[in-house]
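Next come two complexes built around subunit A: one with subunit B, the other with subunit C.
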Partner chain A sequence: MKFKDKHIIIPFLAPGILVTLFFIVIPLYMAIRLSFFHLESYISPAKFVGLSNYIRILHEPAFWNALKNGLFYSLVCIVLQVSLGIGFALILNEQFKGKSFVRGLTLLPYILPTVVVALTWQWMLDGNVGIITVLANKIGLGRINWLETPNLAMFTVILVSVWTWTPFVTTSFLAALQTIPLDLSDAAKVDGTSSWQRFFYITLPILKPILVIIILLRGIWMFNKFDIIWIMTKGGPLRATEHLPILTYQKAFQFYDVGGGTTVATISFLFLFAVVMIYLKVFPVED
Partner chain B sequence: MKKRGVEKKPKGMTRRKFLKMAGAAGATMLVSAPFVHTSEKITLRVISQEPDPGTIKVLESNFAEWESKTGVKVLLDTVPGGEVFPKLTASIKAGNPYHLGNELFIGNINIMAANGWTVPLTDMIKRIGVDDFGPNILFPMKGEIWWYPYDYNFAHWFYRTDVFKKKGLKEPKTWAEFLHNAKACTAGDMYGCCLGTGNGQWVDWLAIPFMWAEGIQLFDNKWNVIFDSPQMKPKVIRYLNFFKELYQYMPPGMTQLVWADHIKLFITEKVAMSPYSGRLVDHVDRYSPQLEDKVGIFTYPSSDGKRFAVGHGYDGWFVVKTKYSEEAKKLLEWLVTEKLIEFYATVPIHYQPTRMSIYNDPRWKSIPSVKKHWDVVQVMKSFLTRKDIVLDCVDIQGPEIDPRPGKITREFIMPTMLQNLVLKKLAPEECVKIAADSMRKVMKEG
Partner chain C sequence: MKKKRKPLRKVIIYGLVIFISIYSFFPMYWMFISSCRAYKELFSSVSLIPGPFSLKSYINLLSMTKYLINFKNSLWVAFFTTGITLICSILMAYVITRYRLRGKRFILHSMLFSYMFPPLLLAVPLYYIFTKLGIIDSLWGLIISHTTITLPLGVWLLWGFFKAMPFELEEAARVDGASRIKAFFMVVLPLSLPGILTAGIFSFLLSWTDYTFGLIILSSDIKKTLPVGLATMLGAHDLNWGEIMAGAFLITVPLLVIFVFVSQYFVKGLTAGAVKG
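Take a look at the complex of A and B:
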């Protein structure tokens, strides 16, 4: 940066730095600081307890259950979103009638507000009068309690999450597919390669950088996803869908254990940070 | 010809002009700030968890009237039930506290009083008349009364009188009769009853009162958990076995059921029996008038029919400790002495009056819905006087009013117990043990 350009560059950088400072760095610092205190609300006297909150939380079965649920939820969502997203992108990359319309339709789940998505799916899956429940019963599958059975509840929220966010992966890959030179695939076709071979040996290696970024982003977002699960199950039944963000919220805002809630949030942040660092070491993002 | 070296003065806004103007404006604001502050109008902020649109409208109209009378502006914020406390504490921490609020959870009132965030309303209650209030509603703590309770919300059962008549059923007085009725009513599209089992305060309010009728207590006089004691455990197991059998006569989706969903299942004719407070009758009037003369009520029976219970519920106003506490108290006293009937009239059967004199007030008696459902109102009033009816709930368990039992509700110990029973299919004995251990844990944490 040349010295004479600083008076232009700094004013442009300053707002972003200030926003990051006031909305990310300072709240992060305050949350981590709160995790070393015991307090029952935001205005009760805070008592410094050192690492007691961490020791207590790490001994709680609910914490490990939430971590396990969060890992399961995010991993399964990533696998499904990425594989389905790539599949849809490959299909949408082909030439067919009505391609533009179909591409627009594919985006629909992603642009709907999450609250609308969650409530609509909740109603459709209602154990008594939900349209999907009634149809499943009519075709002989019986009356399925989608959100009442602990195991089924987790798969249900995964299904809804995959439905909602696969379009993001599809769009990202579709955009990346446009950058692949046609000559490469034409030359490969001339050489007699199958479509699978072209995908694994040409398409995927070229898309590797974007695949790394997509998996990273989807992983972070799904690990921290709160809204869909909270609206549909509130972490139930019997903590079957409770993960770390929900445990944080419940501790801080429902159980009035602010110290405990911020401790869970801090551990979650540190865990995710470590995972991201390892991931970027193993799969460095290329320039 | 232009002289060399003399620049033309630029026209319009320049950077220097802008900086001069901004500096002048800032200095003016700084100098005038004390004047603006001292002539500031008082604004009171009110937080309410009453969601009915009619109630909100009436409160806003009352507040506008108060402003025209006194010059004090009043702003109303409405939040979902149970969310007053977090928002209130956040407002206090943010330095812009609410001044007046209402709350449905006495445990939160106790926490606020214990921490010095609210002011006592004892003097106001004494002026109105302590003896005018019904039983089990003022909850004094440390010799003071910390809220003005404006309604009872007893959870009791509503049933379809036409369905009962058709099937030759009577109001159940025992658990066996209750089960028999639920089974008889489960046919076609209709189920016997509904009781939400998801993680929420409604479970303690609506599903647990069978336990109060049975004589189950959570603590002894020294705050020891006795839920799994030799005296209580058999009763709890009896309740859980009853609930397990009753569950098969409920519609699917009970873990998803929240508050007013119990009403919705009744007014959409999906269940023959549903628990709630008077709000169910108000909803029937509004949305299902075809059921108006087909609704009966009864209380939670014990297993042997010797005792009855209603799930205790209530709402009340509190005043936050701020520099405008006295102003807020004046507003509150005006609301509850001169505007109370107007408030009650918005959801009249749900807002069961806490003061016995209101039941004889001609203005209250002339509310159309009260007149129409006079028999239901009289039954609800009898809950306050009948000696065979227990008024109880989780957050007033124990030898005295204390914030700690509220944690049992907040940590969903009772919903978890029921979910363990009907979803995980654990034995009742194990469900009791898990619940009792959880209660001991939260009481130890304080």
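Take a look at the complex of A and C:
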């Protein structure tokens, strides 16, 4: 049954639609439009240049480096977050005292502001007196420059990203675990299966739909993640952690190359869109 | 055999639980004890045990920076973002669930679609528009920017909530002579308080913790929100890690307080896909 008195539809929809139209739809249209223009700055007149921004960007080694870094960063983050998150969820699903307290505790890294996470880890990884550096030195690894060594910087940023965003997977998976009928695993237990078998043949197949969504969302968010890398490394050292969002920011707000910046952002969006479409073809999601 | 295995299993589980707890909590512990450790020890001896205790970092932070102003800005922005988001999304989600609308699927899909936008794809044109309108470096610009993320989430979350609420309750109120608007305010809103609370918490959280939009929109020190202010303090003033950690701790406190009271709503919203990040 649907309601008939329609006079409230327009006034109820109007505020939301107007905000969406003026601050989401039109800006997105403008962003894509700006990628076909050349601007000296945000206040100078825009000159139409056709596809030349795209041609220029696709010829820049920095673009391909950023794409490669972004793919590496998001893929490794997804794999680690999902596997660690599932592991944590399985452990937290066991019987132990103080369960709800520990579950709350493990969510904390997720609610912290990214700035707090980034700065706290930077301090813990400080080259001289960072607690992790000191401990690593004590066990004979030497004084490690976590964020100043090109190859290591990406690894460090991934580690911190995994720490702060894994709880999303843990909590989602933990909630999904509660939906598995108990008699199902009990029946399997009677049949003499091991807990590994039960996990791979009962738990995972049942939770596959939710896992497909978790991986999709984490993938999208990690690919677009800007703040944590920007605060910790600014894309350095030697562009080792520079990915598409950072390249966009640098072009748009440091070099005032508005056309170039929006071009990188548009390509990045189209790329992500294509990947998501392929993913959804392979793993269909119902509403 | 079973009896022998059980205690060992218990020990392993408790061991793993303790490990996960330390792993999750240690950085926060370190942040806190670094913020109240005396200067000399902070950079000479690295000890897991707190102390020697000193409030100097907090005093320096509050006297040398615009921290309190930043705090007020953050509160202001988060408050208005949450308010605007709630008003728009409650009204929208309600109408979408209660009426046969032609563009309904389109609206819902575009809300989901917005999960995929790189924040910077929106930030660049918003900066461009705000420059043209002359509201760059203003809190209103930031509130609008935050609303572009929180509104789709609010509509999505409340749509699921209103959909699950039986229509008969409102109809009963209507039969009793209440107008549609009155039924909405007297019946629907009070009953959907948990959903509204969840949407509100997430809007507040997203706005309070945002760094990216703040970095782009705000430039002067007295306009900055906490996350942006704190990130630029590093290296800018004569500050050291003790003060930075004090600042980090003060941003975290309100979140912890809120979290203790609303963690159930938080988990509910999170599993309903209410978060972006």
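Note that in this section the second predicted complex is superposed on the first by the 265 of 287 C-alpha atoms of A that agree within 3 Å, B and C clash if a C-alpha of one lies under 4 Å from a C-alpha of the other, contacts with A are read in each partner's own complex, and residues count from 1 in each chain.
What we mean here is this: a contact is a pair of C-beta atoms (placed from the backbone, for glycine too) under 8 Å apart; a residue touches a chain by one contact, two chains touch by 3 or more.
Owing to the predicted nature of the structure, the values given are computational and were not obtained by experimental measurement.
**Q** Should subunit B and subunit C be called a clash or a fit once both complexes are overlaid on subunit A?
**A** clash
**Q** Is A:F253 touching anything from subunit B or subunit C once the two structures are fitted on A? First, second, both or neither.
**A** In the superposed model, A:F253 contacts both subunit B and subunit C.
**Q** Which chain makes contact with more of the residues of subunit A, subunit B or else subunit C?
**A** The larger set of subunit A residues in touch belongs to C.
**Q** Check whether A:L238 is in contact with subunit B, with subunit C, with both or with neither, and answer first, second, both or neither.
**A** A:L238 sits against subunit B, while subunit C stays out of touch.
**Q** Give one of first, second, both or neither to describe whether A:L107 is in contact with subunit B, with subunit C, with both, or with none.
**A** In the superposition, A:L107 contacts subunit C only.
**Q** Using the touch definition from the top, say if A:I55 reaches subunit B (first), subunit C (second), both or neither.
**A** After superposition on chain A, A:I55 lies in contact with neither partner.
**Q** By the touch definition at the top of the document, which applies to A:Y42: first (subunit B), second (subunit C), both, or neither?
**A** both
**Q** Which partner does A:D126 contact after superposing on A: first (subunit B), second (subunit C), both, neither?
**A** A:D126: touches subunit B and subunit C.
**Q** Which holds for A:T149: it touches subunit B only (first), subunit C only (second), both, or neither?
**A** The first partner, subunit B, only.
**Q** Flag for me the stretch of subunit B that overlaps subunit C after superposition; candidates: 57-65, 93-101 or 129-137.
**A** Among 57-65, 93-101 or 129-137, the clash with subunit C belongs to 93-101.
**Q** Touching subunit B and also subunit C: which subunit A residues?
**A** Correct list for subunit A: 42-43, 126, 128-129, 253.
**Q** For subunit B, which residues count as touching subunit A in their complex?
**A** 85-86, 89-90, 92-93, 111, 115, 117, 198-200, 251-256, 270, 407, 410-411, 416, 419-420, 423-424
**Q** Considering only the defined contacts, which subunit A positions touch subunit B in the complex?
**A** Touching subunit B: residues 40-44, 122, 126-129, 133, 143, 145, 147-150, 234-238, 253-256 of subunit A.
**Q** Given the complex with subunit A, which residues does subunit C contribute to the contact?
**A** Of all residues in subunit C, those touching subunit A are 13-14, 16-17, 20-21, 23-25, 27-28, 30-31, 34, 42-44, 46, 48, 84, 87-89, 91-92, 94-95, 98-101, 110, 114-122, 124-129, 131, 144-145, 147-148, 151-152, 155, 167, 180-181, 184, 205, 208-209, 211-212, 215-216, 226-228, 230-231, 234, 241, 244-245, 248, 251-252, 255-256, 259, 263, 266-267, 270-271, 273, 275-277.
**Q** Name, in rising order, each residue of subunit A that touches subunit C in their complex.
**A** 1-3, 5-6, 8-9, 11-13, 15-17, 19-20, 23-24, 26-28, 30-31, 34, 42-43, 88, 91-92, 94-96, 102, 104-109, 111-121, 123-124, 126, 128-129, 131, 134, 163, 165, 167-168, 171-172, 175-176, 213, 217, 220-221, 224, 226-227, 230-231, 244-245, 248-249, 252-253, 258, 261-262, 265-266, 268-269, 272-273, 276
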